[in-house]
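When the chains are written out, they are named A, B, C and D in that same order, and each has its own residue count from 1.
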Amino acid sequence: MIQITLIQIDNYGPWTVTPNPRRESDLQALQSRLYCDLNLQFGAHKGLVFYTRFDNLIAITNGIDLTTHERIQNSIKNRYPFTVSMAVASAKTPYEAQKLATRKIQEHGSAQDEYRKEVLDVANDFLDNGYVQLAHVDINNITGTLTDLENAYDTYLSVKEVQLKLMKELKKYGAMGFFIGGDNFMCPCNGMTESDFINMFNDIEESTGVELKAGIGIGKTAEDASNMADIGLELIRDGKTECQVCTLNYENHSIKKKSPKNFLCPI
Amino acid sequence: MIQITLIQIDNYGPWTVTPNPRRESDLQALQSRLYCDLNLQFGAHKGLVFYTRFDNLIAITNGIDLTTHERIQNSIKNRYPFTVSMAVASAKTPYEAQKLATRKIQEHGSAQDEYRKEVLDVANDFLDNGYVQLAHVDINNITGTLTDLENAYDTYLSVKEVQLKLMKELKKYGAMGFFIGGDNFMCPCNGMTESDFINMFNDIEESTGVELKAGIGIGKTAEDASNMADIGLELIRDGKTECQVCTLNYENHSIKKKSPKNFLCPI
Amino acid sequence: MIQITLIQIDNYGPWTVTPNPRRESDLQALQSRLYCDLNLQFGAHKGLVFYTRFDNLIAITNGIDLTTHERIQNSIKNRYPFTVSMAVASAKTPYEAQKLATRKIQEHGSAQDEYRKEVLDVANDFLDNGYVQLAHVDINNITGTLTDLENAYDTYLSVKEVQLKLMKELKKYGAMGFFIGGDNFMCPCNGMTESDFINMFNDIEESTGVELKAGIGIGKTAEDASNMADIGLELIRDGKTECQVCTLNYENHSIKKKSPKNFLCPI
Amino acid sequence: MIQITLIQIDNYGPWTVTPNPRRESDLQALQSRLYCDLNLQFGAHKGLVFYTRFDNLIAITNGIDLTTHERIQNSIKNRYPFTVSMAVASAKTPYEAQKLATRKIQEHGSAQDEYRKEVLDVANDFLDNGYVQLAHVDINNITGTLTDLENAYDTYLSVKEVQLKLMKELKKYGAMGFFIGGDNFMCPCNGMTESDFINMFNDIEESTGVELKAGIGIGKTAEDASNMADIGLELIRDGKTECQVCTLNYENHSIKKKSPKNFLCPI
């Protein structure tokens, strides 16, 4: 079971144009700063946040209780010109969890209901023994095939195309995909297997010509899972694996003592 | 003529995994903070930056000279664990300008060339009398049709689909499109007409069912143009226009004295 | 027993002038940002940081273990152009604790030893049942006596004079004092009594003419203690106390249910 | 003539306790972030800001016009939970300039007048040919005499004592002094001579035992002046000067081509 939190800025649309529209460079600075803070503050508790639509953000929050959510919500209220609502939910798949979390916020009122402020609710019980499975997906040699060859916008367009395909494919498995910069995507994918990814990557290569690889990490928190996923990606880069997908489970993996280079890819 | 600057982090891929991979919530905080600072610093000179791929960012920099670019580049070097390269170019269309800027950076070396640091170059002469035309594109009533009804991820998926269609359509005109949060896109589109937009919006509505509107601003700088685009969007919302597209030119528009509500949509 | 952490930037002096001196507005932005992040990240665990000398910062970290310190240290390394060393110590008085923490960092090498990086050490055992006593000291009506009357620099000079007197007086009790903005000082003061403060305030009023008040909070963490101190200050402002000092203990104080206005000042 | 801007947060005291007091680590993060942004935004125009009391900040703004001040004020309004007032003034000495600026803000109302928001005013005409003289004062070998030997708090206390003495001495000349971290002070000092500084340093050494040095920079903007001051400090460190004070004028100093090490200290 994975735990997802949906964070939604309260009545943000109206705020951006009242009393008058606001300078766009300021809104970009403000939105990206909120996103930065949320990753520092949820990150302090081993969580991970995805900017998603900037006014609605999806976070993986296994291990983070309601009081901690409240303190972060309160911190935003103390420092920003708006407030945020949060709902937490757990489910077998990430897609299902965010669905429950969204519904829970919606029960309290519209995103643009001027009276609905700082919702803090849970859709179901907090997890004892949940886990996070994260695939860190990466394009092979984007530098040599696109960044150094094509113009910046076409490279960007190509990456967005891959992103949309990936997101649609992942959804079939109840998984989600988020762009995290460069040629990288972080995909909460509890329940998916390496075969699922290999098949998906073959399809995407056929339709776009782009080759993908993925380190898949499993851990009790988003941080543990993503650290494992990163190591898996490096094992692939170092040629220590047979295939383009490598799964590492935090429980089996002693990161401090052993060098990761001793680990075979546990298919 | 529009002036575009491409900003590229030097050797960032290797840095993210040397000596070991880095915690993803930290990389998200770092990348979004760089993006925030660039909007504050270029914004201080009436520029506007789009996060694009976070390691490669596209900015509209009409009116901003090379010395100012250098001071911003130097400021990044003083405060970040990496450096950035910048190239500036002007052209009739935004797409052409970023193409020239990209080529200029590429002439100096690979994005992952460990010896290429802090490129600062221009593809052609700085503009005397350039202008910026920006379309602030927005989905009609996303709150009532998606945000309050659908789950957060499906709403996100829908917005990404609209984004991809919009980007591909705009490219035909040499224009670009960037997601700026919520249901909003900012599109540098020098040379495009309102008819172009109306036709494009009809096509998108037919294929996705989503209705778009756009305020189009024209000004000497990105800030002037985007402020006009925002006002145009409000005129549409206030029912003061016939169509779903409204163009305002900063030169004709005295923002301080007159109330914008006196302005008809100058088709 | 209070737990104090000393945070020291590694080899910062040389870094600021190598290869050349750096723009001062950038150094100010960088230093204040590190301070901001440390308060967000230690704050996420109910700690509190004081900027002190900006290259050496003192924090109250009751309840925060070594692993959490390490994760914050690692986060700084991932996002800043330098690294920080940290040492943790507990003692009966704040002054004694920071003394032990300083010595522990010094044992590992000079602040400008280029090979000494990311020290992470403890002077003694982590606390089970420590507590934090914080006095939030405030000048009476600075707005009416100084801010609205005097010029900004002379008001500033007056506040700095009060700060120095306060710091010297507090040191006699093994307590410390830090300026936190405006006319406010936060003073870790485990072991001090309200009488100690009242006497100290009388002396300061005699020599400077400035009237002080203080809310004193006691709690298991810096956050609980400072929240109590803030409430104490409000009780004084509301005239609900006899004297200019008011102590509240988090254990006796139910902040959620009861209105603080029911509480008499427990002298 | 130097140009000073006083920046004052509107009605901040009441905001910090309404409806309830706010978590202190959040207020520290908020205040330091405002300070950081002001240095990035005024810094983008070659200005320099000193945190002063955090709710009242003093900046050197030679070369920065009223429109630019307004855009920064507007940017704060767009991104913070409060607004700021600003007043600009020029005078022969920094002390006199801030005095005129303070009076100008006070004419509009109290710092805690709930109806006084976003004052933007000037005390006198903007300068055509003003200049900035900045002394970057630094303690000799603080690392070897204090940082590596004494405990952090006593070192901090020593630096605060030096700061107060320095501020009081400087005031006699109509100059100001601000702590900028470590063992460093930045002192706007238009009109002062090197002899003034040498005498002042002798007095301070006699009373505190602390040895000071200073690079003094003269330029059209705060940035030019502080860059010169930094170079002057390095010349002293490199033993290229006779005395502990070194003045460099930006006009005489070609920073790009010639190595600063060719320059003798122009006493």
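We take it that contacts are C-beta pairs under 8 Å (C-beta built on N, C-alpha and C of every residue); 3 or more make two chains touch, one makes a residue touch a chain.
Just so it is clear, the structure is predicted and the values come from calculations on it, not from any experiment.
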Worksheet, complete the sentence: Listing by label each chain that touches chain B and chain C gives A, D
Worksheet item: Is the contact between chain A and chain C built from the same residue numbers on each copy (over half shared) or from different ones (under half shared)?
Response: same
Discussion item. Between A-D and B-D, which chain pair shares more contacting C-beta pairs?
Written reply: A-D
Worksheet, complete the sentence: By Cα centroid distance, the chain farthest from chain D is A
Worksheet item: So how far apart, in whole Å, are chain A and chain B when each is placed at the average of its C-alpha atoms?
Response: 24
Worksheet item: When the centre of a chain is set as the mean of its C-alpha atoms, what distance in Å lies between chain B and chain D?
Response: 36
Discussion item. Please tell me the distance, in whole Å, between the geometric centres of chain A and chain D computed from their C-alpha atoms.
Written reply: 42
Worksheet, complete the sentence: Contacts with two or more other chains occur in chain B at residues 22-23, 26-27, 29, 33, 40, 43, 75
Worksheet item: Graph of touching chains, which shape: line, ring, star, complete, other?
Response: complete
Practice prompt. Within their complex, state which residues of chain D touch chain C.
Written response: 6, 8, 12-13, 17, 21-29, 31-33, 35-36, 39-40, 42-43, 47-49, 51-56, 58, 95, 98-99, 101-103, 106, 110-112, 136, 143, 147-153, 155-157, 159-161, 163-164, 167-168, 171, 176, 180-183, 186, 222-223, 226-227, 230-231, 233-234
Worksheet item: Tell me, which parts of chain A touch chain C in their complex?
Response: 37, 40-41, 43-45, 68, 71-72, 75
Worksheet entry | chain A-touching residues of chain D, taken from the complex the two chains share | 22-23, 26-27, 29-30, 33, 74-75, 78-81
